[in-house]
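Below are two complexes that have chain A in common, paired first with chain B and then with chain C.
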Partner chain A sequence: MKLSALIPLGIFAVLAVFLYKGLELKPREVPSPFIGKPVPEFTLPKLMVDGKTISPNDLKGKVWMLNVFASWCVSCRAEHDVLTRFIKAEKVPVLGLNYKDQPKDAKEWLAALGNPYQHIAVDLEGSVGIDLGVYGVPETFVIDKQGIIRHKQTGPVFDETVRNDLLPLILKLREEKS
Partner chain B sequence: MKRFLPKSLLMLITCIALLGSGSILADAERMTFKNAQSETDYTKLVNELRCLVCQNQTIADSDADLAKDLRAKVYDMVEGGQTQDQVIDYMTTRYGDFVLYRPAFKMKTLLLWLGPIVFLLLAIFFVIRWVRSQATSPQSSGLSEAQQESVRDLLNKTQ
Partner chain C sequence: MIPEIGHFALVLALVVAIVQSIFPMVGAATNNLQWIAMAKPTARAQFVLLAVSFACLTAAFLESDFSVLYVANNSNTFMPTVYKVSAVWGAHEGSLLLWVLILSVWAWLVSVFSKGISSVMLARVLSVMGMIGVGFLLFMLLTSNPFDRQFPIPLQGKTLNPLLQDPGLAIHPPMLYMGYVGFSVAFAFAIAAMLGGKLDAAWARWARPWTNLAWVFLTIGIALGSWWAYYELGWGGWWFWDPVENASLLPWLVGTALIHSLAVSEKRAAFKSWTILLAILAFSLSLLGTFLVRSGVLTSVHAFASDPERGRFILIFLGLVVGSSLILYAIRAPKMRSTGKFTVISREMGLLINNVALIAMTATVLLGTLYPLFIDALGMGKISVGPPYFNTIALPLGLVLFSAMGFGLFLRWKKDSKERVFAKVRWVLLFALLIGFLVPILFMEHFDWKAAIGVALASWVSLTALLWVQEQGRSPFKLPLSIWGAAIAHIGMAVTVAGISLTSAYSTEKDVRLERGQEYQMSGYSFLFNGVKEVKGPNYIAQQGEVVVTRDGVEITTLHPEKRNYGPGTMPMTEAGIDGGILRDLFIALGEPLGKDAWSVRLYHKPVVSWIWIGAGLMGLGGLLAAFDKRYRRVRRHLAEKKVVDQAALEADATGALAKHEVAANQTGIAKDNEAPA
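Our next item is the complex of A and B:
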């Protein structure tokens, strides 16, 4: 048999490798340009306390998370349990960004499911969401002691996400000096 | 058959052209711009930016909530006197290069842009080489003199 007869097989093998790899790609997870950058500055009214505002500066010096959520978001409901358990176990301060939601709906949602957030900011128009490059709720950012975004999770947090990504990273970041 | 081809081709082109245009008209009609430049900028930008929710649509085509917000943002920015580059900058710092429907031409995207051309050139090269090798190889039917004789006999018989 001539060697050139193997060319179609070779082409097939290359294609198969590419297509197989393609199965594992997640095109929805767009790499965030914010990794390694400071968390964008904002000041928003608090959901639970009337007349008070919250800004990322208030959490400086701690390793914290910013979780974008909304009562209309089904995946937020799905991740809520996992997130709550994680936050309670590791005592991570979390700023919830209530994204394009009615404050009344958000309060009802939290009353029914429990409130794991240390602070909740109201982003009624979604403008802070745009500044954070939010495109699919829920999204979770991990921010270090310097206020630098170190990780972004797009979509719901699962037990697996906590185990593989969030927990190891948070433990590591806590070791860093502020 | 040949006579119909140009006509049907023309119709096809017209259909494609119609499909591509007009998507933005619905929105632009309801918006008022301070000047023509602002409107061209807006129309160009919303057709250049990708909606991140439905990733194969521009924000002009998409009906997603985020696309609406981004259209409003683009509108505010161009009406506020910002240039196209400033708007593109604003979007890429927040959403990354992915937000550009036409990827930027740079080191990271070199293969993406030049890949098809490289493959085409490679294909042309191999085709030419193959055609040439065909032309130079002796034109033999693979039959011996005696076999050719009997073929000729058979052909003559049937006539």
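Our next item is the complex of A and C:
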């Protein structure tokens, strides 16, 4: 038997090992295809101010974050403290997208834990969430001065995430021309 | 009762498949004629049983029998009949049933159109196809039975994924599966040839029309999927390098390589082990595609039903099929001597370039598709590989491939001279370059290098194909179908390349906010937005916009882009308004309401985008013509006469004599067909 005839088998064996490992991974955590795309257009009512609406256009020209949260979401509670500290320290404007939540519950939740958001949009039906390709709550998007999504964090924000991903990126984006 | 009949037929099909895979194979090894003869009837019985099973599931859908879990999960009484039928293969369980049904259709076809094939070969081929059937039937019965009942019976069902409620997508999966599964025929021939130890030109000749047919279905299936993505997803794109799209492209690329390499194996007795490997690869990648779609190891817009448990089963099956065939290959490959010698300038070399380029593309796409998985599995984080990667590598390879395509047709087997070929094509080459530069200058608003190169290549490929037909020196109506097939498929590829280059370079896209009565100018067209009203469909409510398109004051058309809502638990669907044409598409998608009468509206002007799919249609036509070339049938008749002798030889247990007969038959075949195209 020639050794070269075994090459295809060898390649396949390596591939099979990876595919098998792949079964135990969570591919849903792969970054979304929306990165590099403009933030979808939307206009939603504000949570805290009755009768006012908010749209991504209102934040144009700034580096900002969009944080998808809900009072029913346990991981949001987990990230809330980290997120608040980060927002205060770095003065990042954050639009909170209150996702499929009752406004009353959301207000109570924020009253209890504190409100780090500059604006909060009410996405009662979750339709904006769909446009953003939200898999689950919480998710955090970093958006540059042109309104382009540059980063997406699926799942809660930890100190480590802030240090390694969010902060360096935001500092870099602030250097870019608007 | 009907679902039980369907379930029972499925179990019987499994039993028959087991018989089909064991007896003919053992019979072929031990020269047991009765066992060999079992191949045909079992393959046909398998087809009948699966057809019954499939009919039962379809009946359950038509009757809205919600006691069947799969029916309740994927249909409701409001759905139009056509989507009740397409819902049969709209989700995991049913699409598997369609998969095995199609496998049995192919096996049945092989059993019917097998006149010239020796019965031993046929027994092995059908047995291999039976083994594949056993795997999938077991998979279905153990993990994903479409006939599972539920109690209590719900009064109303859920709905078919609204993305799939579309005429284009109703036929996309069957086409794609015909292609995927069709490669199992070439695969089975390759395995049978290796088992028999006779790796002469015979297996290549038999496998050729089948490979062509499978390739035709796959081409059409991919084109339908891409067309659907274009008008249904509302992004105006036609290819996203999504893992599942890639999964269908991989067997297509290898299949294209296989079609060309089979020609060399048949005509020149070269590339022997390589062709066998390609046949294994094409089907393995089809299986891999099934695994990727069904297991959810990669994120994709297509991962409709993903379940790691099912993934594990398919992976084990994949391992068995691919692993055992590659082991067989490793044992047999050293014995395959390619006797046909050739020089640097020869048709063999042209086809070698074709194969190398296509396989390099396959490797690129495969790597890009699985790379996120590798990185993740190694604990190095999560990444996604985007279009830039695929485009950077695929485009230069395409350049090599298409440049070679024009020369390839004119090259002679074995040995040719540069000067001879160049003398034939130099004017075409010059003319193609001229067209490439003039089209962007004369017809487009600005010059784009990539578009110019694309158009030049497309002109080059199509003009050489036409010149080649003319060169044959016979009346076009008397040419063999395979000549026409090759020419038309090459022209189709050219049309697609031209469409891709021009539409990528010159599309205009605008996301605008429009109020009722507002007008917007783009690419010489004026779009008047007449607001949005609510319309009711059979099983959805839609926000329907009205946009009147005018050019220089003349009304062109009125488009009605929609946003459809199929009820709770589903995503809203975009139904773009498209005014299609040969030279350009106008594409309008409705975005979000922006308060009062204002909406965000997405407008696209896409020149010659339809050429992408017209080209695919031509490629399909070309493949079809080539598959039905008289040559294959003639050879079959020719061999059929020998068959009587073969039988006698077999009974005398003289395999050597049999082999000699086939070699002799092939040699006459080669002599006769030397002038015919690859």
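FYI, the second predicted complex is superposed on the first by the 151 of 178 C-alpha atoms of A that agree within 3 Å, B and C clash if a C-alpha of one lies under 4 Å from a C-alpha of the other, contacts with A are read in each partner's own complex, and residues count from 1 in each chain.
The criterion applied here is as follows: a residue touches a chain if its C-beta (ideal position, glycine included) is under 8 Å from a C-beta of that chain, and two chains touch if they have at least 3 such contacts.
Keep in mind the model is a prediction, meaning the values are calculated, not measured.
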item: First, second, both or neither for A:41, with chain B first and chain C second; value: second
item: Partner chain(s) touched by A:131 [first = chain B, second = chain C, both, neither]; value: both
item: Which of chain B and chain C A:49 touches, first, second, both or neither; value: neither
item: More chain A residues in contact [chain B versus chain C]; value: C
item: Touched partner set for A:100, first chain B, second chain C, both or neither; value: first
item: Chain B and chain C contact sites that coincide on chain A, given as residue numbers; value: 27-28, 30-31, 33, 130-131
item: Chain B-facing residues of chain A, complex; value: 27-28, 30-33, 100, 126, 130-133, 135-136
item: Residues of chain A defined as touching chain C within the complex; value: 1-2, 5-6, 8-9, 12-13, 15-16, 18-25, 27-31, 33, 36, 38, 40-43, 53, 55, 127-128, 130-131
item: Touch list for chain C against partner chain A, complex; value: 240, 273, 277, 280-281, 284, 291, 295-299, 308, 311-312, 315, 318-319, 322-323, 326-327, 329-331, 333-334, 370, 372-374, 376-377, 382-384, 386, 511, 513, 571-572, 591-595, 600
item: Complex contacts: residues of chain B adjacent to chain A; value: 52-53, 55, 65-66, 69-70, 73, 92-96, 98
